[in-house]
Structure formats: C-alpha cells, structure tokens
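Read through the structures below before going on.
Shared chain: subunit A. Partners: subunit B in the first complex, subunit C in the second.
And now, the complex of A and B:
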C-alpha cells in the first residue's frame, strides 16, 4: 500500500447540508475521522488522534485531507452558473477500490447491460471512436466526443437520443461528466462522482449534479441517480481482484476502454496507487 | 477421491439445478467456476472471471450456445474463446481473448467437472436418483462422524441410520464447508423423498454441531 502520493489530495467526507454539532464518524484512507459543524456553523474535520484536518466546502460537500493539500480543490465553473439546479444525491457505500468506482464511471460500454433500457439498450452497443488525452497544463484526464444511444438519458429526456459525453478526471478519486442536456441543447448537464476512500477496498460514493431541469422533482432526480449507482454497485462488488490492476496483463482493454487506459496510466505516473494493485506486489 | 476410478472429477451440482439457458457459481479445487448450460442443453464450465474487467461470469447470462458477461456483454463459447465484444460489433475477437474451461460430464443426475484432462469417466452410482444438494458448515470428517460411516474412495457416504435408502456424495469447499448431494436409492415416492430430505438436513445439523464442538475443544 502506498498512500504517500495520494495523502495530500482533497477527498469528500460528507454533505455540508447534513452537518451537525454532534458530528458524524466516518473514515478516510483507513483513519477514523469525525465530520462536524463548529459553533459558527463551519465544517470541522477531526482525525483519529484529535488532530484538526484541513477543510474546504465546495459543490455541496465537505472536503478534507490526511496530509497537506498543495493546491486548492479542482474547479467546476458550472457550479457558479445561474439557472442550474444543484443536487446533493447522497451516498452509496461500495465494497470496492475507490479507483474501480471511478473507472466504472468513465465507461459507457456497460450501459446496455448494467443500466438496461435507461442509459443503454441492445442492439445499440457500439462505442464509436472518441478522443482521450492527458491535458498536461491542468494535469487532468479528458475524454471528449463520446457518443452513445440512450433510451432514457435523463429524467428530463423523453424517448431515446444519442447522448454526447465529456469526462474529466481532475483528482484520483473524482470525475466530472458533461452530458447532453435534453431541455437546453446549447448547454451541458454536469454530473460528478466524488469518491471518499474509506479503505483501499471500501468507498463511499457521493454523486452530485448541476443540471438545467426545472420540472423534475428533487426526489425523482435523486431516485434516478440512486438507481443507476445501485446497478453499478452490483458490478463493482463482484470484480476480481478488488483492487484496480495498474499493470497490463491481468485485464484486456479494447478501443472502447481508452479512457480507462489513460486513467490507469495517469494514476501510475503520479504514484496514485491507494486502491491499486501492481504486478510487483 | 480415488485416483484410479475418479481421476480429478468433482461433483459440483445436480443436473436438475442447472436448467437450459442458465449459469450458476460452483467450486472445484482449482477455484471458483461459472457452470452453465446452453439453450440446447449442453453443460459447460469456465473460470469465474471475465478477462476484460475481472467481473464474475456466474453473474452473467446465457443466450443460445454462449455465456455472456453481465458487465459489457462479452460472450464466450463452450470452448472458452471470445465470440463477441458488443462495443465493437464489427470486430472478430482475437484468439488470445478466452476464458479457461474445464471438462464437464453428467451421470445419474450429477454434474461433474474435471481439472486437467481426466483419464477416466466420472463415477456412476447405479440405482441412485439425485434428490437435492445442501451446503454444510462442516468438514468431511465431521460429516463422516455425524453419519457414522466413512466416505468411499468416490466420496460417497452411506449414513448408518439410513439403512441403504440414501447416500451422500461429498465435495469439499472453501473454509471447511462441504457440499452434500443427496442420492436416493431407486425411484422413491413423494413421502420418501421428503423423509430423505429431512434426514439429510438433520445430518447436516449434527455435523455442524460436531464441527463447532471440535473447534471449541
């Protein structure tokens, strides 16, 4: 287990809207932590031995770190755009590597089989060529021009459409998805996956959304995402090995998996190996 | 098991528990397997892991003569070669993409899986009918003690109290678990089948108690 390179990153540890003075016990990379609000209503995160951990509040969530973050949390400009609805989806606990949870989020080829008749449906299984790059200036993995046929792309969709996706990986356990917005073709809906690594093989997944949708009820928006993430969990808890293999050989990628290939390469380059399996181990 | 008569065959399930077009998980000494039966009725066994993303194949689905992974729908023939990658419908999967497979035989309502190339056929138990399978939280020694009888070289135990009406075919699993296949002598009526089923459950409880006491001592 190598924690060093990932220890200085920010991780989601709870919803800001759910904070209370009593605090909520959880864990970050194996260390028990308490997430609470202080007398002034600010978020406060305490480590196992009572030490006060770094805190920031952004995108509906409280973020913390066991180390000393060298830079501010990544930016999502759409989070400041007027007219969007911001949705705290809640949490799904998954018995898997936090890195496997992110990799699954980057994948569209599983839609027809895992999210049948919602995000995909046979015979529309083909993944057309798309573009993947590691953007060196911002040090992020990007996949663009990802197109996929979806029977029910979003709660606001009526009928099947070919949806376009862009994926961003700005931090080892976080991904931001930009997706065709059915009611506003000129804009992108934003759906994020913020993953809290509880341990190398256990994580809490905190999805969050910034949408243009004035009609769907909050309950329905949350239920839609919960359905999707629970379907993903049935996969993630049955992959072998539980840790993400970073070296080639154990798993076979195809052209549809180029985002995953770039993500694994980027993780390895940065020694982001908490939750990963290396051949040397 | 006796090497001369059984080779490396493992009794993994009863034929009745694997209908056409289904897949179930099973275990052989080499590890976890996906046991499935094609729509035309042919049984097959493969390693329980899709080489694409490591997903357990026993969670998959059977269509026609192929087993598909539930994650991305990659499908495999009975021989283990990948037939189709749905994300790339025009692509013929390279021969290198395959799952390890194991020989399968069915005799007397029992499905047997071998490791390697077996030199003999799996054992046949003439005059017996397969009734049901049970998993016991007990090792083979505890089951033999509960039955008051030793397992034969083929893994067959005839409980002392059963007076020749039932036999148990044993298969050791992980973590001191044992799979018991209950075999009935001859064609028995409903009442006799229910009685045999209860007798097997009672024997399982006894074996599990013995196992717990054994660990406590």
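And now, the complex of A and C:
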C-alpha cells in the first residue's frame, strides 16, 4: 500500500447541509479530521495536527484532501441542469475497502441475486455485451451500453423495463452512474457513489442523486436508494480478501466483469492502491 | 392502519413482517429517519414524545411500542400468532417479547453505531448483544429438546417476530451469528414462512424459489 498517489485526490467528508460550528470528527485515510462551518457558514476541514486542509463544496457534499489537489474536483454537468432534483442520501459506514465499495457499484451481474425484484430478477440474469474503455483524454474509466432487465428500475418506473446504464469512474473512490430515466427518455438519471476512505478497510459511503422525478417524495427517493445500498452492505462486509486484489493471480474475471477489470487496471496504472492488495496472499 | 415507517429500521420491519404474515394491509408513511432525523421533528414528537418509530395509528388507537403493535395486528387478524391459554406458553411469549427490548438496546444500537454513525460504546453494546444471543441460543436449544421449533411453541408467535429482526441483522453491528447453530436454524424457519418479506440486510431464501426452468438440449 502507498498513500502517495491517492493523497492529492478530493474525498467527500460530509453533507454540506449538516455542517455546524461545533464540527464533526471523522477521518480521512487514517488521519483524524474535523469538518465544521466557520463564522461565515463556509465549510472548514481541519487535519490531525490542526492544519487547515483544502476544501471545496460540490454535489451537496464537502470535499477535502490530505495533500494538495492538482486539479479541480471532477465535473458532473447534470448537477447544474434545471429541473433535476438533487438528493442527499446520507452516510452509510461499511467495513470494507473503499475500492471494493466502488467496484461493487460498477457490477450489474449481482442485481438479480442481491437486489431481487428491484434491479433484477431470475431468470433474467444475463449480462449482455457492453463497451468498456479508459478514456485517455479525461483519464476516466467508462462503461457504456450496459443493458439489464429491471423489475423496478427506479421509484419513477412502473413495471419492468430494460434499463440502460453508463458507468463512469472519475476518481479512485467515486463513481457516477447514468441510468435510463423513466419519465424522461431523452435524459439520464444520475446516481453517484462518493466514498470517503477512513482506513484501507473501512469507509463512509455518501450516495447522491440528480434525478428527473416530479412526483416521488424526497423521503421515498432516499429510501429507495438506501434500500439498494443496504442490500449491498452485508455482501461488501463479507468479501474476502478485505482489500481489493490487484494481483490477477487470485480471481478469474468473466466477460461480465469487464468494468471491474478496467477499474482495477486503471487503479494499478496510477498507483491508486490505498485499500488494494497488491500481491495475492 | 397507518404505520410511520423507516425501511432500514428493524423495529418497523417487525410490523411490516407481522402484517405480511397475517395478511393485514398497512398504509405506510415513510419517515426520513436518516439523514433527515424526521422522527425528532415536531410532527412526530407530537405523536410519540419518545421520538422513536414505529408508530401505528388505527382510528383512535395510537401505539408506539413495537411489541404492542405486533400483539394488536395478531389479535386483529390472526389470533393463532398469540399465546394459547397454556400458562407456560403465555409466559414464554411475554418473556421473549420483553427480552426483545434487550436486543434493540444492544444489537440494535451496535448496528446504528456501525452503520449510521450514531454515538455509543461499541464494545459494550456488542458484548451485551453477544450475551443476549447466547441466551436466545440456549432458549432455542431447550425448545428443540421439547420438540418445538419456535421460541414459545411449535408454531411461530409474536415473540419470534419481535426477536427475529435484530438477531438476523446482528452482523450489521459487527456481531457474527456463526457461533449459534440453533439461531441460524430458527432464522431459516422464520424466513421459510409463507408470505415472509425481506428487508435490506435480511435476504430471502433463494433456494425456496421455484427451480429455474432448464431447457434440455436434444442429445
């Protein structure tokens, strides 16, 4: 493990809407930090020895870094689109590698078995061919043309539909999912997974959404996403080894795992190994 | 009947499960427990000063204790889920209904701490949870020796539903169920009940689904 390559990245550390002057103690890559609001209501993040850490506020969350971020936080253009509803789903702690949390988010093959009758159902278990690439110009992992039959794809869906997905990994512990938007076929719903690495095998997950849905109550939207994520949580906590294996010796991927293969390759290329196992044990 | 409900709350799940098993239709009113803390807001505090959910409303009746809600649903729709008039069975049902409060205070709080970052002494909560699980394991082993599969009888009662959710979700709070074979068998028996419903973290028994249809090729 080395922290060096990942230390200059931005990480979510709290909901902007829940900031207070007293501050909330949490951690970033093993270092205790405090996330608070200052006298002017701006977010302020303090590191272990009292040093002031970089801060930005975006997508409902406060972001910070232990190092010196070389670039701005990745952009999500849909976050500025009018008509969307922005949903802070709230934090969930998971005893797993932050990289494993992202990898699970990228997988569709588990839908019928873990999210039964919501995101998938037997016997519709086939993962059709899809496209995966590491986009060199933006340095992001993208999976496109992912199609899956879903009994209840979204709170706004009525009945089963074949849903199309695009996945995007713009930062080592963040993923953005674009998904068929039932009420507006020409647009994509955006569902993100922002992961705060507390330690190599412990993370706080902050899902966030930007949806077109004028009818569902905010609480129902939150509960739909919490249901999905909490179905994943018990699986994530039982994965072995706890760290994400980057040594190809231990596991045999199938075609359905192409996104995961690309994600692991991309992590390895950048030395994003905080939360990874480099040599199979 | 209107249930103030949170999808991730094991106590609310008790009520949803009991209603499903007894065929009672509930009107669900979702409460933004996390991250919104709506249960601590004025509307819900006016209904339940304790600031907890579930809350069940049925006409003039307002119930805020999950065991009382289970008893109400059973009495309303399926009295066979209550104790019979055998003294021992009636006492066992009461014993486990009260005991379920210990599960909430130990395993339930450990889960909230580990999952939703609620404050608490996690070591003490887990230790209390393990003590409660050992007691439950012993109780189920004794029941098995009496030829009974469930906590108070050879049929499920409100006592089983009161205890099942926090036990099944113990791993969410970092407490393993591996050491308790009787609990695992009992959990399987509960999950195998007709009309059983799941909640996030409690998976259905996939092996009870119909066999997938297999196309036989022409050999």
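Everything below uses one rule, namely that the second predicted complex is superposed on the first by the 279 of 281 C-alpha atoms of A that agree within 3 Å, B and C clash if a C-alpha of one lies under 4 Å from a C-alpha of the other, contacts with A are read in each partner's own complex, and residues count from 1 in each chain.
In this section, contacts are C-beta pairs under 8 Å (C-beta built on N, C-alpha and C of every residue); 3 or more make two chains touch, one makes a residue touch a chain.
Small disclaimer: the values here were computed from a predicted structure and weren't measured.
Asker: Once the structures are superposed on A, label A:240 by its partner contacts, choosing first (subunit B), second (subunit C), both or neither.
Answerer: So A:240 only meets subunit B here.
Asker: Output check: A:219 vs subunit B and subunit C. Expected answer is one of first, second, both, neither. What do you get?
Answerer: Second partner only.
Asker: Where does A:250 make contact in the superposed view: on subunit B (first), on subunit C (second), on both, or on neither?
Answerer: So A:250 only meets subunit B here.
Asker: So in the superposed three-chain picture, is A:122 touching just subunit B, just subunit C, both, or none of them (first/second/both/neither)?
Answerer: Both partners.
Asker: Just subunit B (first), just subunit C (second), both, or neither: which does A:269 touch?
Answerer: neither
Asker: Between subunit B and subunit C, point out the one touching more subunit A residues.
Answerer: More residues of subunit A are touched by C.
Asker: Return first, second, both or neither, reflecting whether A:93 touches subunit B, subunit C, both chains, or no partner chain.
Answerer: Second partner only, subunit C.
Asker: Of the two partner chains, subunit B (first) and subunit C (second), which one does A:113 touch, if any: first, second, both, or neither?
Answerer: Once the two structures are laid over each other on A, A:113 reaches both partners.
Asker: Now for A:15: first (subunit B), second (subunit C), both, or neither, which partner does it touch?
Answerer: second
Asker: Based on the A-chain superposition described above, do subunit B and subunit C contact any of the same residues on subunit A, and if so which?
Answerer: Shared contact residues on subunit A (touching subunit B in one complex, subunit C in the other): 113-114, 122, 234.
Asker: What does subunit B use to touch subunit A in their complex?
Answerer: Touch list, subunit B to subunit A: 49, 51-56, 59, 69-73, 85-89, 91, 96-97.
Asker: Within their complex, state which residues of subunit A touch subunit B.
Answerer: 109-110, 112-114, 122, 125-127, 234-235, 238-241, 245, 250-256
Asker: Please name which positions on subunit C make contact with subunit A in the complex.
Answerer: For subunit C paired with subunit A, touching residues are 6-8, 30-32, 34-36, 38, 114-117, 171-172, 174, 200-201, 203-204, 206, 209, 212-213.
Asker: What residues on subunit A touch subunit C, complex-wise?
Answerer: Subunit A residues touching subunit C: 15, 18, 88-93, 95, 113-114, 116, 122-123, 204, 217-220, 222-223, 226-231, 233-234, 237.
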